[in-house]
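So, here come the structures, one by one.
Look for subunit A in each of the two complexes below; its partner is subunit B in the first and subunit C in the second.
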Partner chain A sequence: MKQIQKDRYLDPRMGALLLVLANVAAFSQKSFAVELSWIIYLTLLTTLYGCWIMALKWLTAFAAVLLIQWYVLPASPMVIATSFSIFANYARRMFPCLIVGMLMVKRTPLRNLIVGMRMLHIPQKLIIAISVTLRYFPAIREELGYIRDAMKLRNIHGAEKVECLAVPMIVSAAGTAEELSAAAVTRGIENPVRKTSAVQLRLGAVDALALTAGIAFTAAAFVIK
Partner chain B sequence: MNATNNKRALTGKDVITVGIFSAVYFVINFIFMLLGGFHPMLWILMPGLIAVFTGIPYLMMCAKVQKPGSVLLMGLITGLIYFVTGQFTVIILITFVISCVLAELTRRQTKYRGSKGNMLSFVFFSLGMTGSPLPIWIMRDSFLAQITEQGMPADYIATLKAVSSPVMLVVMVVAPIVGALIGAAIARTMFNKHFIKAGIV
Partner chain C sequence: MIKIEHVSFSYAKGYAALKDVSFTAEPGEGILLCGESGCGKTTVTKLINGLIPAFTEGCALTGKVTADGLTVAKTPLYELAKRIGSVFQNPKSQFFNLDSDSELAFGLENEGMAPAEIQSRIKETVLSLRIQNLLGRDIFSMSGGEKQTLAFASVYAMRPRIFVLDEPSANLDSGAMERLHDQIALLKAGGHTILIAEHRLAFLMDLIDRAVYMKDGQIQNIFTVGEFRALTEQQRIQMGLRTLLPVEVELPAAREAGNRQGLSVEDLTCAFGKKSPVIGKLSFSAVPGEVLAVTGPNGVGKTTLTRCLCGLLNEKAGTVRLNGKPLRAKERQRAAFCVMQDVNHQLFSDSVWNECGMSDSGAAPEQIEAVLAQLQLLSFRENHPMALSGGQKQRLAVATAMLSHKKMLIFDEPTSGLDYARMLSVARVVRDLAKQGHIVLVVSHDHEFLQCACDRVLTLV
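Our next item is the complex of A and B:
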């Protein structure tokens, strides 16, 4: 049971490689067949990692973009058509990258990401900074809620709102930075020895399969025009 | 340990400070990125708009961490998060690295202090976001070819050509420069009005 649970985490190294492949394919592919099969393959992969609802959403969204591009935009007034066709085109191209990216967000816990980055020999400082950034996002949301409540109490409206939002935000960020670094230094963040982790990353069969298919599709994007 | 060598290197505290202000920077950045989806003009002007509103977190970070590497770290984080979540292409990572190196060099020349040097480095830093709409021009040919194949009317194609013309490319690059100067001015006012009094700078 535990093994299955583990397999369902997307290995961060695999994810990053797949993302690079998706990027290369997005810029080089010109055939609709390759594009469609690439999308179908990636949604299948999403299901394999246990997110079948998300896979379904991606397929629907892709179909919607195609519909808009083929039927809605040619029929709609000039102003709308011109403003959205570039975006629709770009969105369609970015689809594979978005799918892999969201899969990473859903299926790679921060802890695994950190271990993965360490194994890739990414500098420790960059790793710390990235993990602090990712961890601070929920705190920002919380903070914004408090600030909004306080603004309601004081009845602040209009342009003043921006200033009243920015100042406490920055002040609290500065405070958190102080506290967090004091805590981290106490726990030995500056210790230069190689850090260990309870998480062990191993590439499984699903990862290998996914990668082979990914390379095949990227190659197809170059060959089939 | 070679303490003398490490004096100018980033400490754990510096790295955490950079990480936190990068989060604030990223959130503002992300809001404008979503806005950019409404109209290509908004998207093209996006790097400029972002520059206007991100002056405060950037300059605050500069004031807090007066060491080499901080700006590069901030840019790398933003570029990497955008890239890993699949919202942008590899291009954004490349433009971020280039603009951050320029910003970093500017700060080095101005000894990491002084509002003028930081302001100039912010101008360079803001140019990093141009990697987001840049694919409009990179993919232009294949895009226009596809539209023509679909049998779109000629004036329609002309409008699209105008949006993706070299002139717009210039607009896109100039916008963040102007935006960054405005953003830095706003930040300066805020610093004098609040942050220096509050004792956080």
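Our next item is the complex of A and C:
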């Protein structure tokens, strides 16, 4: 039984802003000190939201990329060094965005995301589309599990597998889409009144602090060259 | 409260789904809609919750439907939603959130209700339905029964006056059906009008006031509950209805492990990761020619057992033997087959014939023809598998297993949502397979079906 922790939710608006900041900083900074402090800051933030294992994994991965870039690639043959150095460089730059993204996935419930989008006056139609899409991912994973089982029992292997995924996935998606929308309209999803929310989003002191730090780092990315 | 007057209806494809249907449901009345699959029960429920005509393209509707004083065809669906609550058949496709708390609030948030009031409504719903255990849960980790209860609760929180239930028990085990029974009883006591379309009738007998029996889109008869209960077995069977009385599974217990012939499971233990075992030291055997029922409440490990026997899951300890020879998981994948509850997951090809041709044994055309003929599928050989009926799809899955020379066949809930005639035809398929020397296991909650299709029972606890 997976319990969802009540506290330590990442506010979706704050998450979105951090994501933007991380993006801007990642692709404008040129100093290793700024980059490293961004990463450390974000992993600290991740720990603060209770995902310390994830934080540890990110740090390890970052260290691994650094090691490859500094020690492995220079010692490798030319072909490998040239073809992978760009890749490693960009992978490193992606890290802040990936960390924030992952944190949002883990620590922003779909419901809060919807409330956040409403507060930002994003059109209701878009919100419904986004929320149904996000809800659909775990459903797809479930379906894939069944289909994979079925393919094993039919002894279907290799390239045939991909082809065989299509039919059952499409059939089930079509069925689900219809049933889901029937259930949605009979629970008043089309009601034009302004929708309310049982949960209230409030930006707390921690959020404010985190955001200020994020802005500071982004500014540093431009100033320190 | 609900008034249906001379309604005729046809879907876009043209066939008449309802012909001159009229009946009235008084406030607080419980009405059962019954009849064979395709008789128009579900269509009637859609007339009331407004899915017809608003949600059905290109249909033709005549006549008038009013519910709680509203003319359904002229009222927007979101207005109807406040007064008419709908619960559907499939627990998987009735939720919009990933966590249960959000789901309970969903309908109320759509109405634009103040947050404080939403909270108090939810609290009250949780208390009256006694669903504290469902709060704060990840919906994808919930069982089918729990999901169905959650769907019911989130509709209940909106406090509609009328409830429309379309085969709500189709995917439930007996424990979950008891819960559903109690929930409907609560509605009844609260003076709600209830309309329920169902195949499984026994659990509803003390909840309904009248039963509307439909056939081919027409109302054949409207019984008071007294008249309905007084139907003789013969009349009931002639009408194509499932049993009105609860059925207990009274079959001899599964054979002990150690049979040299057939399947012998010895001290089987299955677990996920380091968690405590789902199945611990299970032993039994199943012989060719007999059908073994596997029952037990949800979460007891029926699915785990099925997956392990089919070699989709490795055992932690114990042995699975076929004709005395121990089989590893990989070998079991070759020897066993599972007809899944949702058979759509296991049909991949573009025609019945090609589906059979996919079998890795490289079956000769004559063989395929013989198997299809035996399963009454030969005349559909050029049809697309997805265009077949539910029962035909099941038989096609069976055909693929037979062509791969699988010795052991496991059916997972093969009768969910089936009417009497279709249930009997599944029973016949199962029996025939056993007679031909297959080892057949049937995992099911459907007591009526188990009693008529199986020889022995393995009850997991």
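Keep this in mind: the second predicted complex is superposed on the first by the 214 of 225 C-alpha atoms of A that agree within 3 Å, B and C clash if a C-alpha of one lies under 4 Å from a C-alpha of the other, contacts with A are read in each partner's own complex, and residues count from 1 in each chain.
Keep in mind that, in the parts below, a residue touches a chain if its C-beta (ideal position, glycine included) is under 8 Å from a C-beta of that chain, and two chains touch if they have at least 3 such contacts.
From a predicted model like this one, the values you see are computed outputs, not experimental measurements.
Enquirer: After the match on subunit A, would you call subunit B and subunit C a fit or a clash?
Expert: Fit.
Enquirer: For A:47, decide between first (touching subunit B), second (touching subunit C), both and neither.
Expert: A:47 contacts neither subunit B nor subunit C.
Enquirer: For A:193 in the superposed arrangement: first (subunit B), second (subunit C), both or neither?
Expert: A:193 contacts subunit C only, not subunit B.
Enquirer: Should A:94 be classified as contacting the first partner (subunit B), the second (subunit C), both, or neither?
Expert: The answer is first: A:94 touches subunit B but not subunit C.
Enquirer: Just checking: does A:185 make contact with subunit B only, subunit C only, both, or neither of them? Give me first, second, both or neither.
Expert: Once the two structures are laid over each other on A, A:185 reaches both partners.
Enquirer: What is the angle, as a multiple of 10 degrees, that the CA centres of subunit B and subunit C span when seen from the CA centre of subunit A?
Expert: 80
Enquirer: Does the superposition put A:176 against subunit B (first), subunit C (second), both, or neither?
Expert: A:176 sits against subunit B and subunit C alike.
Enquirer: Answer with first, second, both or neither: which of subunit B and subunit C does A:150 touch in the superposed model?
Expert: After superposing on A, A:150 lies in contact with subunit C but is clear of subunit B.
Enquirer: Kindly classify A:82 by the partners it touches after superposition: subunit B alone (first), subunit C alone (second), both, or neither?
Expert: Only subunit B; A:82 stays clear of subunit C.
Enquirer: Should A:131 be classified as contacting the first partner (subunit B), the second (subunit C), both, or neither?
Expert: both
Enquirer: Once chain A of both complexes is superposed, is A:167 in touch with subunit B (first), subunit C (second), both, or neither?
Expert: It touches subunit B and subunit C both.
Enquirer: In the superposition on the shared chain, how near does any CA atom of subunit B get to one of subunit C? Answer in angstrom.
Expert: The answer is 5 Å, the least C-alpha separation in the overlay.
Enquirer: For subunit A, give the residues common to its interface with subunit B and its interface with subunit C.
Expert: On subunit A, the overlap between the subunit B and subunit C contacts is residues 131-132, 134, 163, 167, 171, 175-176, 180-181, 184-185, 189-190.
Enquirer: If we count contacts the way the header does, which residues on subunit A are in touch with subunit B in the complex?
Expert: 15-16, 19-20, 22-23, 26-27, 30, 74, 78, 81-83, 85-87, 89-90, 93-94, 97-102, 104-105, 125-126, 128-134, 136-137, 140, 163, 166-167, 169-171, 173-177, 180-181, 184-185, 189-190
Enquirer: For subunit A, which residues count as touching subunit C in their complex?
Expert: Contacts found on subunit A: 1-4, 6, 109-111, 131-132, 134-135, 138-139, 142-143, 146-147, 149-156, 163-164, 167-168, 171-172, 175-176, 179-200.
Enquirer: Could you list, by residue number, the parts of subunit C that touch subunit A in their complex?
Expert: 49-51, 54-55, 76-78, 80-82, 84-86, 88, 90, 92-99, 101-102, 105-115, 118-119, 122, 136-138, 140-141, 151, 154-155, 158, 307, 310-312, 333-334, 336-338, 340, 342, 344-350, 358-360, 386, 400-401, 404
Enquirer: If you look only at subunit B, which of its residues touch subunit A in the complex?
Expert: 10-13, 15-24, 26-27, 37-41, 43, 56-57, 60, 64, 69, 73, 76-77, 80-81, 83-90, 135-136, 138-139, 142-143, 146-147, 150, 152, 155-156, 159-160, 163-164, 190, 194-195, 198, 200
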